[in-house]
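You will see chain A twice below: alongside chain B first, and alongside chain C after that.
== the complex of A and B ==
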């Protein structure tokens, strides 16, 4: 299909501001009378606050006050409180905030505050608390219980509670040693098909343990907010990756009517899942400002970002995979214990979902358990569950394929989802899949057939490895609102409540509206980022969700505009709306184009006609956020507004396939990625440069997960050892290939009006999988069974020092 | 302007001069988001005392445009290559690229990678920044 805008590169309106410094982030805003707040973190991993003495701090001239848990609604476990008191559960957990006339004074005040703590036992390894007699991270237990409708009083996490699960010493010992923990209790289980019968039909069966270690998000813009109150309204400059979808939640945190919140967030310095929705410290910013009756800026440090900036959940697990003679996956059995940190639910079921769609096993069983530890709270991080499973699964799949005598790529293509692909426990359908075609395209780009025959030995110390891997994430939803205004001068304002998390999707999605309206992009204004700019209720931005979901809502708003344009023209020139067409930013009679008017003239008519044409009336099914926005624009032009009620069925799969070639130095344990090639299976490519950004950036994240990034906690005192960037450690220019070769499969999804699906998370999953596959290939198929694979692990393996990969140790060194 | 002895250049630029294009990603010399030029050399403003640059020519990202408002070639190239992602590190990337091209107007991609390696991009837009450097140096059409 030939498009005007879809599939064409464009310059997003915010990019110039980013290269000139004009783009403003939350910390860049100032307000007269603004004061600076700082947080005091817990020095202990578990306990309770006995007393706080802030008298010396408050005596410092210019120190304005403190804010503690007593200033907030109670938040018993498993809520992640903004400020802790009774349940201190990790080092660095915020205990209080102090505000002063300057940031230096605030920091000086922190040093004068004396907090008395009562200690409790703590634990940093999920299997330690799972063992009978082991310490619990909370006084009342060690695991998340989902009991919808029975939430503990005062909890913010509806339908959850803290429970206790223990395994016998033998069960934990078996699990640590890489065997199935027979008879052990799990919190989450599902299966389909006759697993035992399908395994019996398999000629190749492998069993492997695996460990993935959590890692912090470390968004480069550390969490920042600046809030002030005027005439009962809270104006909040924040840093979220979504925008309007978080409006009601932030209002609730501040206990105000949503109509009295103006959230401003034009640019966000990274989120990666950690800023999808408002996070706890935002309650402190807004409420402290109200308490002091002064504008308050609360910005956290890089180290605090490690503690409260969220992190990926780690996994300790066991898997059994069966292949039939022809290489098809007959059965899979997988058991996962997630490290949920001091808060979070784990993502084991999503991990299993990755297996179910990428390899379409005939039968499968999943068992999962999320254990709390006294480590930093966990949350969504780029493809939670799926991507860490992609990482450890790839070398195991390679092993199974090699044992079965099937080429690794051919095996993946054979098992890849087709249009009739199934997913997860219920074996539901998917919106579309052209994954076999994507595999073929990527294999050709990488030249797999030629490279797999290359010698592994490069020199006396260097060996070559080539790898392949897949990524997946559900990538779309529906039911959100689109909103467009055509001004009397003909300017087309494309309103979106999508956040600006750095992918340019906020601009990409509204091009679906420009496409439908057949208008010049230069005549469009993208309206976003400020609550006073009348934004619609748009989707949350996480899970590769935006592109599919919001091209739909943009499209339906454009359809509403077009229908109104035709009705206005019919009222002016006679006939029925169906007698009219659009083109060249005019609406005209199809049989006589001289009978027509420009979009701007139609907008003037819309104002005169009133009613639905100028926003005086609006659909009953749009969200109250959208209603407020429409009401604010009544009578200012032609208003197009609609909720996405287009048909949708099945999961919307975002998928990707990657290939990796490395040169590994056996003397240093380091490797260079000399070729990275990846293809996105994400439907129609809407914005080619944006897609490359997503695929390349996801690739970098994959390399980080494979080789560098991890939590490290000292088990003796619960202290994290890597709170800084250089320790944690995100990849730099020197850790990644000098060129990256990525593309899109560009085959349309039938459930999107422009054929698009999302790709953000699979971009990482395919990369980590391909790199893990390449590392194993370079070392003659050796499985480390864990991520990251660090240089010391490689050296120890090469030196035959017996690195213990069977012991499922996580978080510790 | 009154500058305290312990005041960092990043603090002075951001909070006293209002030049907020210079970002603080780590405030401890790890990320490079605060990179500025001092006598054409790229430095971390978070780890430089303001008094250290007394009588030196300090240029921030806001000072790169020509007098007529034309963007610096690095800025224009970064737009063309869609180099920024979230953009928080971008000012630092721009300044390191400007410093590189002053010292080495036609770097190889590998040289550019080494020169830019003090600037972390958590979004992982390295390939796009390198494309921008190569375009700004006239080696990419």
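== the complex of A and C ==
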């Protein structure tokens, strides 16, 4: 299909500001009378706050007050309160905030506050707390339990609580050693098909343990916020991935009518899953400002961003994979223990979901359990569950394919989802899949057939490794609103409540509206980022969700505009709306183009006609956020507004396939990535440069996950080692290839009006998988069964130093 | 635990003469803090893991800048940045070992402001120590890294003495290999100390990594002509290829005549608290051809005395491998 805008590069409006430094982030905003708030965090990993004495701090001239958990509504267990009420469960957990006239004074005040703690035993390894007799990270347990029945009966405050699960010493020992923990209790289980029967049909069966570390988000922009109140309204400069979808939640945190909140967030310096929705600390910023009746900036330092910015959940697991004679995956059995940190969650079911769609096993069983530890809270991070599974699974799949005598790529193509692909426990359908075609395209770009036969030995010390891996994440939803205004001067304002999390998708998605309106992009203005700019209720920016979901809502808003343009023209020139067409930013009679008017003239008519044309009336099914925005724009132009009610069924799969060639130095354990090729199976490519950026950025983070990034906790004192960026070791420009070959499969998804699906998360998953596969290939198929695989592990392996991959531990690299 | 990131209130002195700086440093003694590029200063102070009453900013002292030829080699001002070292034509031509080592320090941004004096004087990077724990080096009576559960992947495999931290300097081993001389001034005058004696381990003084004491200022580094235009080998293995400290590094200077190693100085970094000189290797290769056979004949000679901790056994084969690469002359 030939498009006017879709599939064409453009310059998103925020690019210049980001290049020049003019772009402003939450911490850049100041307000007259603004005061500075800072956090006091727990120095111990587990214990009870016995007393707080802030008298010396409050006696310092210029120190304005403190803010504690007593100033916040209670948080139901086990959710993380913004400030600890009684129990502290990780080092760095905020206890209170103090505000002062200057940042220096606030820091000085922190040093004067005396907090008395009562220590408790702590635990940083999920398997340690899982072991019978092991310490519990919370006073009342080590895992989330659901007690919906009791909640319904009014005996508990919520449907969840902290409970306790323990395994026997033998079960934990078996699991640590890479064996199935027979008879162990899990918290989450699902299966489909006859797993035992399908395994019996398999000629190749492997069993492997695996470990992945958690990784801190370390968003470059920390979650500093600034809030002030004027005339009962809260103006909040914050840092979220999403925008309007978080409006009601933030209003609830502040206990105000959503109409009295103005959230401002034009640019966001990274979130990666940790800023999808408003986070607890935002309640402190807004409420502290109200308490002091002063603008308050709660500044979050780099170290604090580590503590409260959450991390990916590490996992420790066991998997059994069976292949039939022809290379088809007959059955999979997987058991995963996640590290949920303090009050966070695991992603084990999503890990299993990755297997279910990428390899379409005939039968599968999943068992999962998320254990709390006294480490930083865990939460969603780019492809949560799917990407860490992609990482450890790729070399195992290679092993199985090699044992079965099937080419590794051919095996993946054979098992890849097709249009009738199924996913997850319920084996539900998907919107579309052209994964076999994507694999073919990438294999051709990479020249797999030629490279797989290259000699592995390059020199006496260097060996070649060739790898392949896949990434997946559900990538789309529906039901959100689109909003467009055509001003009397003809300018087309494309309103979006999509957050600007750095991917340019906020601008990419409204191109679908420009496409439908057949208008010049230079005549369009993307309206976003400020609650006073009348934004619609848009989807959250997480889960690779934006491109599919918001091209749909942009499209339906444009259809509403077009219909109104035609009705206005029919009212002016006679006939029915269907007698009119659009083109060249005009609406005109199809049979006589002289009878028509420009979009600007139509907007003037819309104002005169009123009613639905100028936003005086609006659909009943749009969200109240959108209603407020429409009401604010009433009578200012032609208003197009609609909720996405387009048909949709099944999961929307974002997928990617990557190939990697490395040269590995056996003497140093270091490797160079000499070729990286990846193809996104994301439907129609909306913004080629945006896709390239997503694939490159995801790829680099995937390399980091495979070989560099670390998450270390000292088991002696619960202290984290990598609170800073240089300690966390994301890859640098010298650790990644200068050139990365990426492309889109560019085959339309039938459930998107422009054919688009999302791709953010699979871009990382395919890269980490391909690199892990290449490392194993370079070392004659050796499985490390973990990420990351670092130079020391490779050296130990080559030197036969006895590095034990079966001893499952997380938080130790 | 409060997370600070503002500089604490403190005095700032900005002398423009070495003598003035010495006077201030002497008067302030332990309450003063010398700062050049500041790359090992601001973290300590902002984190409140170390404190001082006053900063003595040396950057205004012109006499501590510049690289000049001397009768017996070159003299490098203490404030010369690492980037300047990598670009200096004389160093690149005659002492490329130092240029290579300086070029692998941290990142371009840090090299642009970080000085040679700062790189050799920087404190250890043990993460426990840097977090402000009261370990031996910080004046306490405990080492958190040298325990059965300590996270000690980056720590020492040689010469631990209560503290198991390693030297983080990339240029330090190169300077020792080049038999550099460290020019130190204080209120009593000037003294010149061999680089090999400049670095000290915890067995001598657990609170310091060099012989510098309050009132001392490292004003210059002299490199004699002895190893000018020698055969050099430098390699640093780190987790990342930029903005990282060495897991192990090697700095080797060799005199090779007709393919035969007549003399050598081989130093290894990041395996103990000071640059480690491999005299046994130097002796073993003296008079031998510089080739694969000689390299392989070394076996694990370099690491044979190592005492690894729980997580750093890998440093032994890595060190042996780097020595072999230096001896055979290629990666």
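Operating definition for what follows: the second predicted complex is superposed on the first by the 797 of 813 C-alpha atoms of A that agree within 3 Å, B and C clash if a C-alpha of one lies under 4 Å from a C-alpha of the other, contacts with A are read in each partner's own complex, and residues count from 1 in each chain.
We take it that a contact is a pair of C-beta atoms (placed from the backbone, for glycine too) under 8 Å apart; a residue touches a chain by one contact, two chains touch by 3 or more.
In this text, all values refer to a predicted model and were calculated from it rather than measured experimentally.
In the superposed model, A:206 lies in contact with neither chain B nor chain C. In the overlay built on the shared chain, the residue A:268 is in contact with chain B alone; chain C does not reach it.
In the superposition on chain A, A:16 contacts chain B only, with no contact to chain C.
Using the contact criterion defined above for the overlaid structures, shared-chain residue A:712 touches chain C, although it does not reach chain B.
In the superposition on chain A, A:734 contacts both chain B and chain C.
Using the contact criterion defined above for the overlaid structures, shared-chain residue A:670 touches chain C, although it does not reach chain B. When the shared chain is aligned, no partner comes close enough to touch A:646: not chain B, not chain C. In the superposition on chain A, A:689 makes contact with chain B only, not with chain C. Shared contact residues on chain A (touching chain B in one structure, chain C in the other): 301-302, 726, 731-734.
Chain A makes touch with chain C in their complex at residues 38-43, 91-92, 103-104, 107, 110-111, 301-304, 307, 460-461, 665, 667-670, 708, 712, 714-717, 719, 721, 726-727, 729, 731-735, 790-793, 795-796, 798-799, 801, 812-813.
Contact residues of chain B toward chain A in the complex are 18-28, 30-31, 33, 60-62, 64-65, 71, 74-75, 78-79, 81-91, 94, 109-110, 113-114, 116-117, 119-128, 130. Chain C makes touch with chain A in their complex at residues 1-6, 9, 48, 107, 127-128, 131, 133, 144, 147, 149-151, 153, 235, 237, 239-244, 247, 292, 311-314, 316-318, 321-322, 324-325, 331.
Residues of chain A touching chain B in their complex: 9, 11-12, 14-25, 27-28, 30, 218-222, 267-272, 301-302, 501-504, 689-690, 692-693, 696-701, 724-726, 730-734, 736, 738-740.
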